[in-house]
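Here the structure comes first, spelled out in structure tokens, and everything after it is commentary.
Chain nomenclature is as follows: A, B and C, assigned in order of appearance, with residue numbering initiated at 1 for each chain independently.
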Amino acid sequence: MIRNTSPAKGSAAFLLVIFLLATCASFMALKVKTDTIVRKRVPGSSIIYIPSGKFLRYATFGYSALAADAIYLWAIQYYSTPTIDDRFNYLDHIFAIISDLDPTYTDPYETGALIASAEAGDTGLAFKILDNGAAKNPGQWLFPFEAGHIAMMNLKNYDLAMQYFKKCMDLPGAPDFTKRLYANALYKKGDNETSWQTWLEIYNTAPDERTKKIASNHLYQVKSAMDTGRLKEAVGKFRERYGRFPAELEDLVRSRLLGKLPKDLDGQDYVYDPKSGDVKAATIPWKR
Amino acid sequence: MTDAIRIENLKKSFRLGFIPKMKEILKGISLSVKEGEIFGYLGPNGAGKTTTIKCVLGLIYPDAGTIEIFGQPHGTARARQALGFLPENPYFYDYLTAREFLTFYGDLFGLGRKETGERTGRLLKLVGLERAAGLQLRKFSRGMLQRIGLAQALINDPKLVILDEPLGGLDPLGRKEIRDIIVRFKQEGKTVFFTSHILQDIEMICDHVAIIVGGRVVKQGALQDLVSEKVLFTEMTVSGLPPEAFRGLGESVSAQGGRVLLKILEENRVDDILALVRERKGKVISLSPRTETLEDIFVETVTGT
Amino acid sequence: MKITAIAGITFKEAKRDRILYLLFFFAAVAIITSRVLAILTVGDRVKIIKDVGLASISIFGVLMAVLIGTSLVYKEIDKKTIFTLLSKPLHRAQFILGKFLGLVLTLFVMTVLMSLIFLVLLYFHTFKVEWTMLVAIAYIFLELVLITAVAIFFSSFSTPILSSIFSLAFTLIGHLSWGLELLIKKMRAGAGRSAAQFFYLFLPDLENFNFKTEVVHGLPIPAGIYLYSFLYGIFYTAFILGLTILVFRRRDFI
């Protein structure tokens, strides 16, 4: 039987489909165009109106971890937009909120500290963030570890570095070289005694040859430092007494300033330059 | 003269229920409505009357078949220009007043302000709702809604008026008024196509009738052709004679208070009984031949199919 | 014109909806409360008023568009008032367009009212008229127009609750377009990425209409974006309306 659709109906539907395709193509093309136009963005600036994280935790109705994820994702995008000049103003606040919402989420602490130290140049804030992370996750070795690195590398504050490494070296999961970092920080700080003790421990408990070698090198280094320090002190006293540098190190023993000449870890003598009065180790520790 | 409506082999199926099972509602309807006549469309509930109307109006798209309105294919908006429609159980924008309501429909037809105003006034008068012109439709009674619906159907002075159960839910007075209005339409030269359950009304005013059962038109034709002049039986009420006198002559004898009611099936028996009554000095109170009514036809058709 | 007749009646019906006034009430409360909040901050007080004001107009405007739009067509079908309407010499497209224009008119009035409260409040705070606010509001209104079209689209075949959910989802997706952009940058070239790129262009980007940040911070707006965003809104709305008409045309009203 003939269908009761007149030709007009068919063509109307056809025209409509053409219309739809045309408008669709148009708006898609327009979107491409609007994407090319750069707009000044300050995305999410209204976040500063959000009150403290504690309140927010309750306000998110049990979805606080999800909220933390969302805010963290947003923060990453926010901080990787270099055109926002004042984006570091609320770095503290934002990462504090993420911490309040999900205290055990490790990544934001790391990232926040990284942004703070590397991009914003605010190591104080980096420590604040990492300390916050450590406080909320006392068993997590990562936070003092990173803090120690910042202290070592950026600030060259070996005392602080030592404190951080000490904190984390005994925590479960900490890499085994953490103790070595601690020992090295002690050395750099100048506490040779404790450094020596620690390196000795490391040497004695070394699980493989490599570690033993490293420990041995460091022990050499520390001993050299201690010995050359004593020797230099004696040389200085000699100079005070006799007005000149000793001709050779034996002179120090002969003049009873030293009991016995110390030898380095390999049993070698220390090298003495009578002209400058400088004492140093015969070997470079790493080339042993 | 072209037919006002011409339907040929109209078919429509619907997908009903959650599991899409096709149910064929219209199985090939064919009918034609001549211009200027009153056409009655009958059928039991669910036969497909409203579906047919909705197909004609373009509210439903047929699966197969053709529909022409005054010779034009029914699908276009233009075909509906000369149409007026009153649905069953009409619902309208109940926050509008009667006048605003009719004015809106006038605007829809593109009538000018003045013309719309005139027609609105005239139609309100026609359906007897002058006094309710400023009343919101939500406050209308069922009968009033029916009447304003009728007014709305006439706003464009249509050549063809389609009414779905226009007499439903009205009291006898209301029904008479609507019947009179429909007859007046015919006098004005309009064509009326309506469905109804109330067979007496159809019998009273229709020229042509179609009976639809189970999606098919099973009987169609001029009312007078369908309803034969054949006498089914004759009823006679007699007094003064006991019922036993008629045993063997009339059927279904019943007696009450001195009167005997006879139902005489065979026509030739009537004279015999009249003679008997005269002989026995009885009195004939009434004598009425009962011809076939539309109801008889309807019941017979529906139960037969 | 038939479309204007339907638009008029739609406007009449929409403005009777109590939801409209309820939402307007809350918008007004939000805008006025921002004045109170402003007292609590340190620093630039006006910023909060501007932020809250524009955000309120936007959020409550969207809610109005969605809540009223989604019931608009559905009610007609459900209450069967549509039968007498569509049996008139009316194209179904005219019906849809009339409903759309009626609702747009309603939203226009509500936006103007909300903006008035906002601008008056702002004026009393800063004692100067900031015309840039009107730019932001104008584009908020364009966004509302698009969302209205979407609401009507869903309303033509779905129940109000589902339609509302879909429409709100559309709005949400529209504001997260940048997320898809980020994702695409990280994807490797291939079928997946091409598909994602297509969706990126096809799905709405409502941020094109968002000038709130620039206006509040006093940042410059590049001239080109006015025209392109406007056209984007027009074409997308036309697309949605076309889609609605396509779906609505061949529908059977049982």
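General observations
Following the convention adopted for this analysis, a contact is a pair of C-beta atoms (placed from the backbone, for glycine too) under 8 Å apart; a residue touches a chain by one contact, two chains touch by 3 or more.
Everything numeric in this text was worked out from a predicted model, so none of it was measured.
Taking each chain's centre as the mean of its C-alpha atoms, the one that lies farthest from the centre of chain A is B. Nearest to the global CA centroid, when each chain is reduced to the mean of its CA atoms, is chain C. Rounded to whole angstrom, the centroid-to-centroid distance between chain B and chain C, based on C-alpha atoms, equals 49 Å. As a whole-number value, the distance joining the C-alpha centres of chain A and chain B reads 92 Å. Chain contacts: chain B has residues 61 touching two or more partner chains.
The set of chain C residues that touch two or more partner chains comprises 250.
Contacts with at least two other chains are made by no residue of chain A.
Interface residues of chain C facing chain A in the complex, by the touch rule stated above, are 48, 51, 181-182, 201-202, 205, 208, 213-214, 217, 219-222, 224-225, 228-229, 231-232, 235-236, 238-239, 242-243, 245-246, 249-250.
Note for the complex: chain B touches chain C at residues 14, 54, 57-61, 77-81, 83, 85-87, 89-93, 95-96, 104-105, 107-110, 149, 152, 156. Residues 12-13, 16-17, 19-20, 23-24, 26-28, 30-35, 37-43, 45-46, 49, 77 of chain A are the ones touching chain C in the complex.
Chain C contributes residues 1-2, 5-6, 8-9, 12-13, 16, 79-81, 83-91, 250, 252-254 to its touches with chain B in the complex.
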